[in-house]
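Remarks on the structure that follows.
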Amino acid sequence: MIEVSDIHVTFAQGTPVENHALRGLSIFIPEGEFVTVIGSNGAGKSTLLNAVSGEIGIDSGAIRVGDRDVTRQSTERRAGDVARVFQDPMAGTCENLTIEENLALAIKRGSSRGLGWAVRRQYKQRFQQRLKRLGLGLEQRLEDRMGLLSGGQRQAVSLLMATLQPMQILLLDEHTAALDPKTAAFVLELTREIIKEQNLTTLMVTHSMKQALEVGQRTLMLHAGQVAFDVAGDKRQGLEVKDLLALFERNAGEELADDSLLLG
Amino acid sequence: MKTRTLLSAALAVLGMGLMAQPTLAASKHVAITQIVEHPALDACRQGVQDALADAGYKVGDNLKWSYESAQGNPATAAQVAKKFAGDSPDLIVAISTPSAQTVAASARHIPLVFTAVTDPLGAKLVNNMDKPGKLITGVSDLSPINKHMELVQQIVPGAKRLGVLYNPGEANSVTLVNLVKDSAQALDMTVVEAAATKSGDVLAAARSLVGKVDVIYIPLDNTVVSALEAVIKVAEQSKLPIISGDTDSVKRGTIAALGFNYYDVGQQTGKMVARILNGEKPGDIAVEQVQTLELYLNPGAAERMGVTLSATMLSQAKEVVK
Amino acid sequence: MSEIAFLGAIETGLLFGLVAFGIFISFRILDFPDLTVDGSFPLGAAVSASMIVAGFNPWLATALAVVAGAAAGLVTAWLNVKLKILHLLASILTMIALYSINLRIMGRPNVALLGEETLLTPLENLGLPYYWVAPLAFIVVVLVVGALLVALLKSEIGLAMRATGANPRMARAQGVSTAAMILLGMAFSNALVALAGSLFAQSQGSADVTMGVGVIVVGLASVIGGEALMSTRTILLAVVACLLGSIFYRLVIAFALNADFIGLKAQDLNLVTAVMVALAIVMPQIKANLIKNKRSAA
């Protein structure tokens, strides 16, 4: 579970381009819940993810992951509790390392690293098992360099890497946005399966309102650094994109200008 | 009577020449290594070659001459030394301390004559200057510091505080400055040091001496000499006489130097090389100091720095710079 | 080329193979352009030469030279990681500081080791020709260090180090402390370079404050040359390539020194180096173009 309490983030403080990206945002996600997050550009979606993962510091407020207060912890200290898949397939994997080396790097997330071999035999079997379910034939290519894989394949491996070890929260940052529609659908389906199987607490940012309603159990919309609305359970059942827009206009008191959200 | 003596002398010389002919024809191989291209070191090399020619060893005739420069790179100097070791010449001439050290380490079975090495003992090239013993001997280019200090006293009588400008990163300069300290003390002068680790620092180092010293001495230091004009400017503005360790600097505007030129050093080295080629053992030949000293004076500079040179001094000078 | 000149090239190539290993870690693994090596090479020489002349055991002197090199690398990494100074600038700062420090350590610009008891002295008493001793000793050193390097880079920590250089954001997301990896990698890199400096001083008979000049260029030429000579697909191949690149570089120099017939002299070496590095950089492109042309022709 994670708890974000009243956090503020300001970029370029004290300069003409000052940007108050998060303004007193609070979210509580209980264990095992799959939450989707939407919002127009600049609403603070990525900033929220970066604040939870520790890539950016927050001005005030607190972030708890599991039973730990991680507010002042660095990304690498939190990594045992916070797993993440980036939007850019290039960002989540190392192209110069082999598939098995990437996975070996991920299998040590959350534990200390020593001078023993990084890629051990017992790991290899586990990697092959996990890769097999992708149905991409990657289990035969453990020693191929990551750079030889397509964007979709890399993103699928990124997802495996993020979910190889237990965590308190899985962060998905528009992880299908950079893929073609067919591959995106494949990666999204894979995501749903893994989350369901492992009962993962998940925060998924998406650009598509349709997707936000189709997957997960709860949907948040961010606007101007705050939660514009938060729907779950019966109220969320049967909601359509146009209902979301109406909800938004009622709660935020203004019309949504970003067309890309509708098209998605 | 006179004519007969002359005649027999002439015959004797002629005879010696004829007798010497077979030995001269014996072809010798001399390899020469130098750490970097530099006018002084190049002149030294030329001196060696000319002296050998005078002694009957002519390049291309009866002398094979292999020359390599390491381009200032110590790893290359090591490889040059090894190449020479493999070529097995009759003798290796090493110009500069690092070149000589690496030849001593890498080509141990070949006679080595070093030159332009200031401190052969400190560089561990020889253990004994008078009788080196092994296969190594050579010529030291240590400045005759005692004579330099006497010159300082002659030009600025009663000088009590001597400023010395040098780069503590140059091996030779450090040796020289230590000698300056000993020698100055004997003459009742105190030494004030000013360090410049690169030529850009020389001006500031020179300024730091103003007001603290009566006269400046510049040892043969590559860094300071390369930025000599900066020092001269400061000295002329504050009427501080400069005496330098090398004669080229006098032409550029220091008052005086009792120096030598590297061509002469090379010639001296070449004569030593010829002795070894003729059969003498390097271990029996004492390490030599520079023999030919020349006084250079610059009366114009003296005037600008507030001193006058006596007529006796001017008459002793090898060269008076106008 | 004579036997001694050939062995001399191998000896120097092996020694600078250690430098190439160090530069491989900084430039290739950590993506950290590090000029500290121009200072840590003479630092290793200065520490070991001064200690040997002062009568210490050569093993201890060499070990301390390695420690000093590691410390130099740590300083550069610390300037970059903690004080946020640009990596290139941080390494230049350490390099120029080391010039003064090396002078302080030696107390003068040149410390001679001719006739002193060094690591090589016991081997020289075995009766081998003296020009065989250093190459044989250095082969052992380089093989041991190379094996250690491969083992390190294939370990969990080594993998984290490689990820740090290749994709620091991803590395942090996987729980890798990139700052710790940079500190560790730079210490290891400069320790290897200092070891090379120490052994160079012991085999060449002196430590000189100017002996770091151009170490970075030679090391980089070895790394890049090795990559042009052979495939560097795996870590083992990449490490072997560094060594081969270094030896190849020295053989080219030895060839240039012995190539009077084509008019090459030692003074042309810098030119030869520049041409070699340039060739090594464009070679993969030329290869790729050739393959492309062949394909389109077929």
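Letters are used for the chains, namely A, B and C, taken in the order the chains are written, and counting of residues starts over at 1 for each.
Just so it is clear, a residue touches a chain if its C-beta (ideal position, glycine included) is under 8 Å from a C-beta of that chain, and two chains touch if they have at least 3 such contacts.
Please read all numbers here as calculations on a predicted model, not as lab measurements.
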| item | value |
| --- | --- |
| Chain located farthest away, centre of subunit A as origin (C-alpha) | B |
| Chain whose Cα mean lies nearest the overall Cα mean | C |
| Chain pair with the greatest number of C-beta contact pairs | B-C |
| Chain centre separation in whole Å, for subunit C relative to subunit A (CA means) | 42 |
| Separation of subunit A from subunit B, taking each centre as the mean of its C-alpha atoms, in whole Å | 74 |
| Cα-centroid distance, subunit B relative to subunit C, in whole angstrom | 35 |
| Shared interface positions of subunit C, touching two or more other chains | none |
| Residues of subunit C defined as touching subunit B within the complex | 1-9, 11-12, 16, 99-100, 103, 108-110, 112-116, 130-131, 200, 203-206, 208-211, 213-214, 218, 250, 253-254, 257-258, 265-267, 269-270 |
| Subunit C-touching residues of subunit A, taken from the complex the two chains share | 53, 55, 74-77, 79-80, 83-84, 86, 91-97, 101, 104-106, 108-111, 113-119, 145, 161 |
| Contact set on subunit C toward subunit A in their complex | 151-152, 154-160, 162-163, 166-167, 169-178, 233 |
| Residues of subunit B touching subunit C in the complex | 37, 67-76, 78-83, 85-88, 97-98, 101-102, 104-106, 108, 122-125, 168-171, 174-175, 197 |
